[in-house]
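Lettered A, B, C and D in written order, each chain numbered from 1.
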């Protein structure tokens, strides 16, 4: 697969470090993009007057007006497809879908049109479309608002799939995505919106071609992304108390995968644990495991471990939901197994 | 009459203890001393005999089976009983 | 409409080109030069030719998988279309699309789409871009009446009407969604009424009459440019050929097909033009000869076109660095 | 045709210095010929070739210090006129060289992690020589790393020169080269005596109860299922180790490393000379019956030179028993890097005073030689006392 790398114009403003939420970082990124490029517009259900299901777009309508902060009727296929059409015609739409579960209503447009357009037109048309959507569980939203289906899209050539897991990535990834000439899907984990952290300066362009090593370690590599990153880091803290140092890789881009970073890390640690909120069967974790077996087989000193969501539609009840999702303790146990003890 | 049987027993012994030289075995000398067999070798040898000739060798009989000839006689005797 | 001789020759030439092109395509399909699905437009030529006669090169066009006619009428070189169907490097989609996915950036022809109704949201978006830009460009979307049963159809009618988008929805009502008759798939068989329900001004036109189609399309396009709102044109038409080359046509009577063939848009047009003294028999023969010559040249072009090197297999999945 | 590599000659040898080459490119060498002098941290050793051929290229200059496993020289096949090594005649009086026997045996499948396999390949280490510690008995990376640091048994095709500094080196080759094996045993044992501060304890134990119990059990069994006193002793040792586990482990790089697994080395004398102490792996997981089966299997295979190399080097503690030879007691020399060896003499009838009465008992002398760096006499005595206690219990097969 040809990984696309785009020259990213860094829009950096010298501001001092401040505390900001993931949600605010996203909003800042949107505002910056809207200000910088008149062809950028935001479209989606309740992005305008309501302020966004997850309040990401709150306040933007007042600044940019209803043409550019465009409330769409409940017709995912139509407005996602409209985003594709507008992108084909030279605009830079940012389409927001409330959750990945709803995106299934637009999957035809994303997979059959956006992803395929460039190829089936022999390279004549490309679709510079950004689609943002919430993903993941943890808010007791049950079986139709909680799933992590990003892997379904990561399966599709022609799409780029990213998952900002940190405040800085939430702030920086949008600009990189907008600079990409091909469709980019941004998956924002619902558990991350309220997370708060220090952000130095303004937007720092994120290199979507590279996974990030969020913590260095020598005993095992934990590969994760998005909403599972904080859990992996918490597990790392716990394991460190027991003298086990894990390396935590935040994939950032789910397609294409930064295979080189994953392989280099596992070559150092010889053990891999993959944490993925998707269901294990047919998961991204499975894909990464396969890559490791194909390309790092001789480096492995233990079976690859996967920590994924239980094979069940996400239940409503709090304790059941917790039971279904990957837990810090499971990551710890998986790492311990990988370390033979 | 026991000659072929002795040869066969010797061959079984060599299978269990391949590092002995069958050419120097005196069938009238006690095997343990002569061949440097240890208790395990010896038990394995008697177990093989028990299995091959379908005879029981009670614990109490083991002490009197010291030479190849004694073993051969024992086998002949007990086979005849069947 | 009373066309001039030039106008008449233009419309006739395009319809004949489509007819002869597709006849040879069917032949080439039988000879295995064309594979995959091949959906022929024969019988429906007046719709594409009539509607596309009403727009300019700046306007955008998007169509279904039965789009050879639209691509030809839009002016995409026939050789490139045939080469595409042959799967050759010289094809208008470089052999990636085939019959169902003809594209041309130069002609603002946004393809051939294989998912029924899937082109409608894209058409809506193409129009949205023009709305946001404030241009007078019109987007024309061709689709069959089968698409009107899809949810996407209604989403798009709603969206285009709500946002007053400059799009002309052209429903080619050929009475069958593959093998399912209109009456068996639509509670409301008058498709334009569905658009009306979304407050889109609609018109029904005889799709076998190219002049009627031209007139209706011109009216619609003018209205769209003036009012900045979508229009809906339901063209009653009929395909003379099976749905695709695999179709044994169990769902319709031969006699029905023969009855519609009596209304062949080309024959009807030539008869009328001769009657009106606009075109002579020689004109018509010459136009046909020219169409045949063009198709032959297209086939030669396609035949001579190289195949894509397999090393290029992964091209155009993503935009290479530094492009766009 | 062949290679000469820096061998591992000691428990803590990671590298060796090539002092001088005794051969030059173009020289013909035969198996067993001395080709170089190498120096380790402990001693200067002769390096033997274990291939026949002609020296093609010397890859390391004299004076260089290189890692164990480094290729030192290449040996190519000599011309057709050169006599190929004679096939060993299957003369019944000579034990077939193990190198000739082993290839006929399908190599047992070794469970190991890919990374362990890769490192072993890079180090030129035979995985059969590595003691597993991973799940399901798998060899994992750390085992290979330990194997590199620990005495590595000669792989089945390795030369006599690459001998483990363990006393129970098997005669892997024909008796013709036993001399060098003998020398290696001598050197290793000398090292043991030089480096390990042994202390020795002995204790007389009545076996009367145990042997009677055993007779009862055996009387009801066909001969093939009977339990030998040797197995009873091993089982008792294994159980006594639960009480004093520090005797089970290694002294490596100046530090004690306990071993969780108990791989019980069992000295077996070979009639062709020498002694080997293959290990009953995971002895602590086994019942008496299982241990007996394992011992029987081990002895039979030892006789047939069909031991797995992991058994040859895997022992975490050794038991030597000279009872069959009639010796009263044996004071073992610790097999480095192990830290203890237990000896049993012959059991013999002795007057036995107990509760004011003298009766006739079958008595055995158990001894313990242990590394004073790891344990002291008090703990050692605890072990022998525990052994005694266990042997007074009725036997449970």
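Assume a contact is a pair of C-beta atoms (placed from the backbone, for glycine too) under 8 Å apart; a residue touches a chain by one contact, two chains touch by 3 or more.
Here the structure is a predicted model, which is why all the values come from computation and not from measurement.
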Give me the two chains with the most inter-chain contact pairs.
A-C
Relative to the centroid of every protein C-alpha atom displayed, which chain's own C-alpha centroid is closest?
A
Approximate Å spacing (C-alpha centroids) for the pair chain B, chain C
99
Between chain A and chain C, the Cα-mean centres are separated in Å by 40
Can you compute the centre-to-centre distance for chain B and chain D, using the mean CA position of each chain? Integer Å is fine.
30
Chain-centre distance (mean CA atoms) for chain C and chain D, in whole Å, is 85
Category of the chain touch graph - line, ring, star, complete, other
line
Chain pairs satisfying touch are A-C, A-D, B-D
Which stretch or stretches of chain D touch chain B in the complex?
92-93, 95-96, 215, 218-219, 222-224, 226, 228-230, 268-272, 295-296, 299-300, 303-305, 324
In their shared complex, chain A is touched by residues of chain C numbered 60, 91-97, 101, 103-105, 110-111, 113-115, 118, 120-130, 132-133, 139, 151-152, 155-156, 158-159, 162-163, 314-324
So, in the complex, the side of chain B touching chain D is made of residues 14, 16-24, 32, 35-36, 38-41, 43-44, 46-47, 50-51, 56-60, 62
Chain D contacts chain A in the complex at 113-118, 133-135, 140-142
Applying the document's contact rule, which stretches of chain A touch chain C when the two form their complex?
1-7, 41, 67-68, 70, 72-73, 75, 77-91, 93, 108-109, 112-113, 117-126, 128, 157-158, 160, 180-182
